[in-house]
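The two complexes that follow have chain A in common; it is paired with chain B in the first and with chain C in the second.
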Partner chain A sequence: MAVIKFEHVTKNFGKITAIRNVDLEIRDKEFMVLVGPSGCGKSTLLRMIAGLEEISAGSLYIDGQIVNDLPPKDRDIAIVFQNYALYPHMTAYDNLAFGLKIRGFKKSAIKEKVLEAARVLEIEPLLDRKPKAMSGGQRQRVAIGRAIVRDPKVFLFDEPLSNLDAKLRGQMRLEIASLHKKLQATIVYVTHDQVEAMTLGDRIAVINQGEIQQIDTPQNLYNFPKNRFVAGFIGSPPMNFIDGVIRRSAKGLFFEDSSGALYAAAPQALEAYTCRNIVMGIRPEHLHVRPEKEAERYASFNAEVQLVERLGHESFAFVRLHGTPIAARLAPEDAPEANTTMTLYAAIHRMHFFDKETGKVIA
Partner chain B sequence: MFKKTAIYLLLTGAALSFLYPFYWMILASLTPEAQIGQLGVLPKTLTFDNYALMVSKIPIWRSLLNSTFVAGLATAGVLLFGAMTGYALAKLRFKGRELLFIVIIFTMTLPFQITLIPNYILMVKFQWVDTFAALVIPALNSAFAILLFRQAFKSIPDDLIHAARVDGCGELRIIFQILCPNIIPTIITVGIITFMNSWNDVLWPLIVIRDEQLMTMPQLVTLFAVGGRAEAQLGVKLAAAVLLALPIIAAYSVFQRYFIQSMASTGLKG
Partner chain C sequence: MTEHITKRSRNRNGLLPYLIVSPYLIHLLLFVLFPVVFSIVLTFHKWNIISPMEYVGLDNFKRLIQDRLFWKAILNTLQFLLVHIPLQIIAALALAYFLNQKIFMRPFFRAAFFMPVVISGVVVTILWQQLYGLETGLLNRLLIGLGLNRVEWLSNPVIAMISIAIMATWKNVGLYVILFLVGLQAVPRSYYEAAEVEGATAWQQFRYITLPAINPTIFMVVILSTIGGFSLFIEPYIMTDGGPLNSTLSAMLYIYKQAFGYYHMGYSVTLGLFFALIIVAVVVIQKLAIEKQD
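Showing the complex of A and B:
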């Protein structure tokens, strides 16, 4: 059992507020991902769970008990750091054994646990090496080994894969996912990489400037972003944002972009925004070179093609609509030539509308 | 090729000019008093008479023991408390940390003549005059050691300490079991410099110690050499000087590898 709950938690470093009034509940055995740009406070949140960072205001609960003042060693958590933080003067074996030794386990019990963890992570051949004599990927495994050997109820990961090359990162991602199934523990995983966030998380908390923007499942974050920040952060290439106005006609409300080149029927919910500036968002994958489905409605517009990226299985067209940059994800055979004009069809029911000032989603 | 040879010749010459006085001192201490005046590069007659005479006149072995004891304790103290202070200044967050550090550095800039009298008065008030306490206790920490330890600890990433905390370490274990093994060159530098400073110190012992049985070796040798008891015999004085220099030379030759390495990395000289 391990439920972690932040209640109005704030963290100040002198005059800087790194975490602002965070409410977050992490369920038992959940894989919770904290994602956000560098410097948004992810590591600080994680270190607060570990007890490595004092909490300036608010309460942190683990299993219903307030732990604001509980030292790290009494929290039954383990943490894997971005730079591994292995003890440089100890062998891999001693790195794994150290925490157990301090907790007073018997030598034979320590050996059994270390060897078991080493077997799970396939690091047995490394056990008598020091960190200096290991590759980045090997150090990463040892660091994970040091966490699982104590069998804690909560695992914390702070950008554990960010120092690995792309191939190894993909492989370790799968391993961490299967580790979660095997360990049946609560995991809080920090990353700035949205692919890691989307693939690993049961739920994701998107953070920006010390505040939680939205907490939801990966699919819901993608489908129903609550604000412009989340909409722009989840998805790659990111969602396109187009400035415009809501207008009323005989047939109902419609959106007109600021250049007057794009018209799209708008939902009735935007009534209150009639004649006001708003921002429309549409993802690159919801732009097509022709209407995709009979039953759906599309808004078509012409745009100048600036650049085309061909990835083999798909291609990205980077176009401009009167100065506004727009990316479209297209099938390889639909890729246009650069420096031409093309017509794009935007799926109307895939459009998101945001308040221009607050960035909040309004329809 | 020619250039290289020239450089080596020059360096050899420089090295010899530093070594020659030591060589002469050792040689002269082994030469009968009457022959010291005509001493050349090679010895003529070797004798231990000078040493025997010195040992009979002053408690030199006792002072060697005293010096070892005092310098040893001071070094242990500086390593222990210097590491702890340096750690706090480098890694713990508390109000006034930087100010405290500046004050500590400031004490390094004071010439010791300024603090000599106040320190002596303190010793008198504590009734530590003529006890080892006066030699050892004020030497148990040093601004210089704190500075070096702080720099060394600052170069270690915070996450290593975080990992140790999560593993269950307290602060002392973090300092001595996790961090210190990773700053061995600094420890050796601080250790040697502290030991040498303590070993070579004459003025402070002269002020606080009068009992011959408690004197450190440099103090005893100095008093012996300038105090007239050597009866103006050069050989005996030199014999005492050789004994005085030997431990430092021995320590240096054992640790010089670390010493140079750490001098290069900290940019500091003793």
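Showing the complex of A and C:
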């Protein structure tokens, strides 16, 4: 059992507020990902759980017990650092054994636990080596081994894959996911990489400027972003945002972009925004070169093609709609030529509308 | 054509490179090469600066082997090192450790501990003479004030060298504090955080993480303070003149006395060269020991 709960938690570094009034509950055995841009406070949140960062205001609970003043060693947690923090003068075995030795385990018990952890992570051949003689991926494994060897209630991962190359990152991602299944423990995982966040998290907390923007499952974050920040952060390339106004006609409400080149029927929920500025968001994958399905409605517009990226299985067209940059994810055979004009069809039911001032989603 | 130009410009530059390096070259010849060669020549001669040199063959070396005072001076120097080096390392490491914490007025204290390094050795020695004075010295007054017996800091043959070692440590500690500070600051904070999460106490963190991490610095300090310690001169020269009973007579002081006290130039140079060999030998042994441990 390990439930972690932040209640109105604030963290100040001098005059700077790094975390502002955060409420967050991480469920037992949940894989919770904290994601956000650099400096958003996600690592600070993680370090608070570890007890490495003091809490300026509010309460942090682990299994119902307030742990604000509990030293790290008494929290039954383990942390994997971005730079691994393996002790360079110790072999992998000694690195794994260190915490157990400190806690006064018997030599035979230490050996048993270290070998078990090494077996799970398949690092037995590395046990005699010092970190210097290991590759980045091997060090990463040993660092994870050091965390699991103590069998803690909570695992904390602080951007553990950011020092690895892309291929290894993908591989380790799968391993961490399967490790979570095996260990059945609560995991809190910090990353700025949305692919890691989407693929690993049971739920994701999107953080910006010290505040939680939205907590939800990966799919819900993608489908129903609560505000412009989340909409722009989740998805790659990010969602396109087009400024415009809501107008009323005989057929109902419609959205007109600021250049007057794009018209789209708008949901009734936007009634209150009639004649007001608004931001429409549409993901690159919801723009097509022709209407995809008979039953659906599309808004078509012409745009100038600036650049085309061909990735083999798909292509990205970067176009401009009267100055507004727009990205479209297209099938390779649909990719246009650069410096031409193309017609794009935006799926109307996939559009998101945001309040221009607050950035909050309206419909 | 190009070849012609290069040749010409090389010719035109002819003397310039030599002119540019000449100050260093002159210095090297006059103050390094010449003294070395002259010293080696001197070891086979008897010379009191005024009379002409007299060739004596290997007499100086024979005398060195039988010179009990010289061996005592070497022993004294080793005794000094035995106190000075461990004291130096422990004091410097402890100070560096605390000066690396978030303490009140940290920049001031860091500068304060470095002060003695840049103060002239003569000034420091005279200052410590005031501290070590038998009747009026500050330390003894303090001891008497506390109801304790006074200590013969500089007049007891057993204690005098230790007193000098303490003073030399105080004088040089700032330099090694800086070296240790550099070493301590190079240890990533995440090592300590990982250890803290594992449950290591402050002492265990120091023992298992800090010490191994700054091992190279410790070795460097050992070698530097060995070399520095061998050249112990100003302190006994001013404070005790090698006494009492030659207990603080350092090798350097003895060599100096042979040269400028008795004008035994040939013999003094022989001692100097021999002493240099000892220093090299000790440092090489230390280095080998370190490499073996690594």
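Note that the second predicted complex is superposed on the first by the 363 of 363 C-alpha atoms of A that agree within 3 Å, B and C clash if a C-alpha of one lies under 4 Å from a C-alpha of the other, contacts with A are read in each partner's own complex, and residues count from 1 in each chain.
Operating definition for what follows: a residue touches a chain if its C-beta (ideal position, glycine included) is under 8 Å from a C-beta of that chain, and two chains touch if they have at least 3 such contacts.
Note that the structure is predicted; figures quoted are calculated from it, not measured.
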Superposed partners chain B and chain C on chain A - clash or fit: clash
Chain B versus chain C as contact partner of A:Ala166, first or second or both or neither: neither
First (chain B), second (chain C), both or neither touched by A:His89: both
Which superposed partner A:Ala250 touches (first chain B, second chain C, both, neither): neither
Chain B versus chain C as contact partner of A:Phe98, first or second or both or neither: both
Doubly contacted residues of chain A, that is, touched by chain B and again by chain C: 50-52, 71-73, 77-79, 81-83, 85, 87-89, 98-99, 102-103, 146
Residues of chain A defined as touching chain C within the complex: 50-52, 71-73, 77-79, 81-83, 85, 87-89, 98-99, 102-103, 146, 150
Residue ranges of chain B in contact with chain A within the complex: 157, 159-160, 162-169, 173, 178, 181-182
Residues of chain A touching chain B in the complex: 47, 50-52, 71-73, 77-79, 81-83, 85-89, 98-99, 102-103, 146
Complex contact set, residues of chain C against chain A: 188, 190-191, 193-200, 204, 208-209, 212-213, 215
